[in-house]
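Read from first to last, the chains carry the letters A, B, C and D; within each, the first residue is number 1.
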Amino acid sequence: MNEAGLHAKLGAAGIDGIGELDTSAKDPFVVVEADALVAVMTFLRDDPDCAMEMLHLVTATEREACIELAYHLCSYQHHHSFVVKVICPRPEGGNHDTWHPEVPSVAGVFDAADWHEREQWDLLGVVFAGHPDPRRILLPEEWIGHPLRKDFVYPSFLGDVPLELDATPMYERGPDWTPPSSEPRPAGEPLIQPPSPPSDRPHAGGQAPAKDEAPADAADTGKEG
Amino acid sequence: MEALIGLFGELFGLEGTLALSAAYAVCIGSILGFVTVYSMFAIWMERKVAAHIQVRMGPMVTGGWHGWAQSVADAVKLLFKEDIIPTRANAFMFWIAPAVVFCGVFAGLIVVPFAVGVQVVDLHLGVFFIIAIASIEVIGVIIAGWASNSKYSLFGAVREAAQVVSYEIPTATALLVPILVVGSFRLNDFNTWQAEHHWLIFHSPWLAMAALIFFISSLAGCKRAPFDLPEAESELVSGFHTEYSGMRFSFFFLEEYTSMFVAALLTATLWFGGFNLPFVDSSAWHPALAMPIGIVVLLAKTFFFIFVQMWLRWTLPRLRVDQVMSMGYKYLVPWAFVALIATAVWDYYGWGWLPL
Amino acid sequence: MGILNNTLPSNTVTDAVDGVIGWGRKSSIWPMTFGIACCAIEMMAVYAATFDLDRFGAGVPRATPRQSDLIIVPGTVNAKMAVRVKRLYDQMAEPRYVIAMGACVCGGGPYVKWGYNTVKGVHKIIPVDIFVPGCPPRPEALMDGILKLRDKIGMNDVFRRQKETAESMNRSYGHL
Amino acid sequence: MEALEMFTSDRNADVYTEELKLNLGPQHPSTHGVLRVELAMDGEIITDSWCDIGYLHRCAEKIGENVTYLQFTPYTDRMDYLASMNNNLAWSLTVEKLLDVEAPERAQWIRALVAELNRIASHLIAFGTYGIDLGANTPFFYAFRERESIMQLLEKISGARMLYNFIRPGGVANDIDDAWMDEVSAFCDDFEKRWVEYNTLLTDNFVFIQRTANIGILTKELALSNGCTGPVLRASGVKWDLRRDVPYLEPYDECEFDIPVGEGTHGTLGDCWDRYWVRMREMIESVRIIRQCIEKIPPGAHMEKSMVKMYKTPLKPPPGEAYVRCENPRGELGFYVVSEGGNSPIRCRTRAPSFCNLSVLDKLLPGTMLGDAVATIGSLDIVLGEVDR
């Protein structure tokens, strides 16, 4: 069955909030409402004609206007795959500090979603309501912020571990050295103030560089080991 | 021993207790020296055997010819390495454990006849003594594991306790089989008996079986692969000696190789003719000739069995802890008893097996 | 050893003893079985048949830091791992040596610019004796690093008063 | 009666038992890198386990959003560093799908050839380290001997030993010649003999079978629900291989090869032995594919002409998104790339096979013993670079 067939099948299931099939993309996808997500996933898994046994991937993508979640499903019985998307529009002034979009967790439908959703929470700050174990997975527990957001500010320290290129080695610190405070910062402030003078790394403690100039200066360091 | 006492009397005019003490000091010193040199050689040999099994060369640089001085360098380094006692460990127990472990196996060597007359004490209960004194080792390991205050060490110690205590039964039962034939616990009697008759391994199929059972369970007793669970590196990091560093750790090394030596030597003495050459009657030889040849023959046999132990270690995967236990209790113990009873019956009727 | 460290004058005896100790230490470097990332595979290749680190007496990988002399840090250290690397180093017995293997460990490597989580060189965490650059370094490069470490160890004094190597032996590790 | 009281009364109240928490890793000889597993132990038996990953998190997805499409290729090498070619392949296919470009025919055959070579190298490490996990050190050295020949072969065409950066969007970096292919076929002849040797050394070993059969049984339902792929899934009896079912390269369509599936030879379907044995047989299948590639490889360009022009400026795919899956040695590697027309993607998500395969570990461990935990982790054959990215 192709994507259109799957979409038709899904539309006939009587679930509210299923959007149109978007065939402009390389992999056609369907956008569903967040409330309908669990029902859609359960239907796709259980319906014998769809039989999506496997949830391949849960991806959150941050765009200008929204964070969209893509669920890649595939079926080994019927050799077809399908993409379901949920779109969480960005509220006015929503940045990585103030805005954590919330979607229902599908960990109850697919076990695979458990770790994927934890990772998306960890890196992008998407809250999965009803997740059995909503902890960080890759970053340490004491990490502040969600690094894959575009407005994430690079920290200089984690606890007393230096993350700066020009930081003083731990064993050369004087006895009066105090670890930087890791208290949650007030909204709008940089995560941890950069050491002064600020390093020449492009956005240590400052603003993330604009999108277009990235490759130009990435070229000088990107390839060297 | 008696010869030494006489020698001291002749040379220095020592008598009585003084002569005895001097003779003991010399004997223990020489055994200690032997153990140290032997362990260094065995460690070098282990690395070479392992390397050649694994298509590589092993130590080649240290000391020149095939890295012969590798173990010397290891010893020097370990001697001058910092000795850590973890803060949360029980310092006294942590300190004493390597000594207990090493004494246990080291003491077993004093009853071993290396050749005619080359023996510290000719105990009537030689075999019994070795088995009894070697059990002290397990206490040392348990102390080490407990005193380290580390979970891996504790696991190692508990595994060691379970494993060694279980395998004492088949070890001792298998040892009883040749004892039943020879009728003595004394190690020298095995040498003379086998010189007069034939090697005990050829005596009957049951004795061959007992030899196999003894060899397998002695592997477990020495914590050698495939029974190296107490120090299983991929599971327990280093097992009971995880927290030991420097010289204390090297005592565990010494202990392991010395107990390998004792096990191999018992196999050679009890089943494979001791210091007797095959097909050659050396009983009439002059002691000056028989002694060095005897030592060489015995050591050659011993090192063959040590080589087999190493060979197995670098070939076989490790068993799981419950499989080790079930192997001991379900297979080795019953078959050891079968061998014991069957030998009794066999010898009672005086059946022969091979034309010997 | 502690009180004797680098206090005796230089004479024939201390020279000879230092020579023997230095020889022992450099001929028997036991590395720790410690793999982090890509470089660990090349490190394994160095242990393996073609390159065979055991030729130099350095082929006894010990799983526990207590018994190992050398920690090869093979691969990117990130914020979560740095605390562990530090602890492993603290658990090792003196004398201990560190080889930073690979570009990431020498100074951030490919992850230096955009890696929000990576430590830009393990020398920010623990003092390093030898840096082996490369991504990953060829086994020959690591061998060369180990040979350089051997030379370095052989030069260190134990009993004699130290000259220029004092700093490398007695580093202060700050409040950590 | 008194004796009974001793057991029933509270006299031994100060003697108590507690659950032992054992911390496996991140520095542990058998966690294949820096995996940390926290185990709750009741004696030797594991009652519960918690995986803790992230000790090798290297921000690959953030880097992907900041560097150009071409510059990201070396970073894919460093994800699954045991199978760099396969990672490069998946990334290149993703970028090609975004750009609507297809690699020339010869490039596809070269890609399949080197990817299969790298698959053998990767499985060899799985085989060798699995031996070490179970206490047999020797297979590791034999495996590395053959792996060394593969690395030398690949070094000849790519210039790098381990992280090749050889397969690029639009084709491959260099062309291969007949002399090199002769060396490859000589290696294949050699390898088939060695493979038999491995089996005598480890596969058929009684102790090895005892240690792996009936251990860590992964049922088909659990595997599918957890998103396990690759040999882990096939060992559970699912005959699914992207190379056969969704051929993403031309050679996979034309070559003949079998897909080894777990059969429960020595125990239950989906145990550690099955996973191991699937990997071992896949090596031989890879050799078959390599031989056919050498035979059938067509002449032509090794790089798409239009791409060479595009290389002079950063690639700028049109806005859109692409998800491509490839059959890696560890399972299905997927790249999901979202482009908004800029020099670099705005999202560069990796579906790491090891990540999904590892998530099943917490469900396999409870009830087994400590030694089995090591065997199970080894049989999943994870690469932490890929789990944490």
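Note that contacts are C-beta pairs under 8 Å (C-beta built on N, C-alpha and C of every residue); 3 or more make two chains touch, one makes a residue touch a chain.
On a predicted model such as this, the values are computed, not experimentally measured, just so you know.
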item: Distance-to-centre winner among chains (Cα means, whole assembly as reference); value: D
item: Chain centre separation (chain C, chain D; CA means) in Å; value: 31
item: Mean-CA-position distance for chain C and chain A (Å); value: 38
item: Inter-centroid spacing, chain C versus chain B (mean Cα positions, whole Å); value: 36
item: Between chain B and chain D, centroid-to-centroid distance (C-alpha), Å; value: 44
item: Sites on chain D at which at least two other chains make contact; value: 28-29, 54, 57, 59, 62, 66-67, 74, 140-142, 145
item: Residue list for chain A, restricted to those that touch at least two other chains; value: 139-140, 147, 218, 222
item: Sequence positions of chain B contacting 2 or more other chains; value: 54-56, 233, 237
item: Inter-chain touch pairs (all); value: A-C, A-D, B-C, B-D, C-D
item: Complex interface listing, chain D residues touching chain A; value: 53-54, 57, 59, 61-62, 65-68, 71, 74, 97-98, 222, 224-227, 238, 240, 245-246, 314, 320-323, 325, 332, 334, 336, 338, 340, 342-344, 346-347, 349, 351, 355-356, 359-360, 363, 388-389
item: Sites on chain A touched by chain C in the complex; value: 139-140, 143, 147, 152, 154-155, 158-165, 167-175, 177, 201-202, 218, 221-222, 224-225
item: Contact set on chain B toward chain C in their complex; value: 47, 51, 54-63, 67, 69-70, 72-84, 233, 237-238, 241-246, 249
item: Residue ranges of chain D in contact with chain B within the complex; value: 20, 22-23, 28-30, 44, 131-138, 140-142, 145, 201-202, 205, 207-208, 210-211, 369-374
item: Residues of chain A that touch chain D when the two form their complex; value: 24-27, 53-57, 59, 61-63, 70, 72, 76, 79, 83, 110-112, 114-115, 123, 136-140, 147-148, 211-212, 214-215, 218-219, 222-223
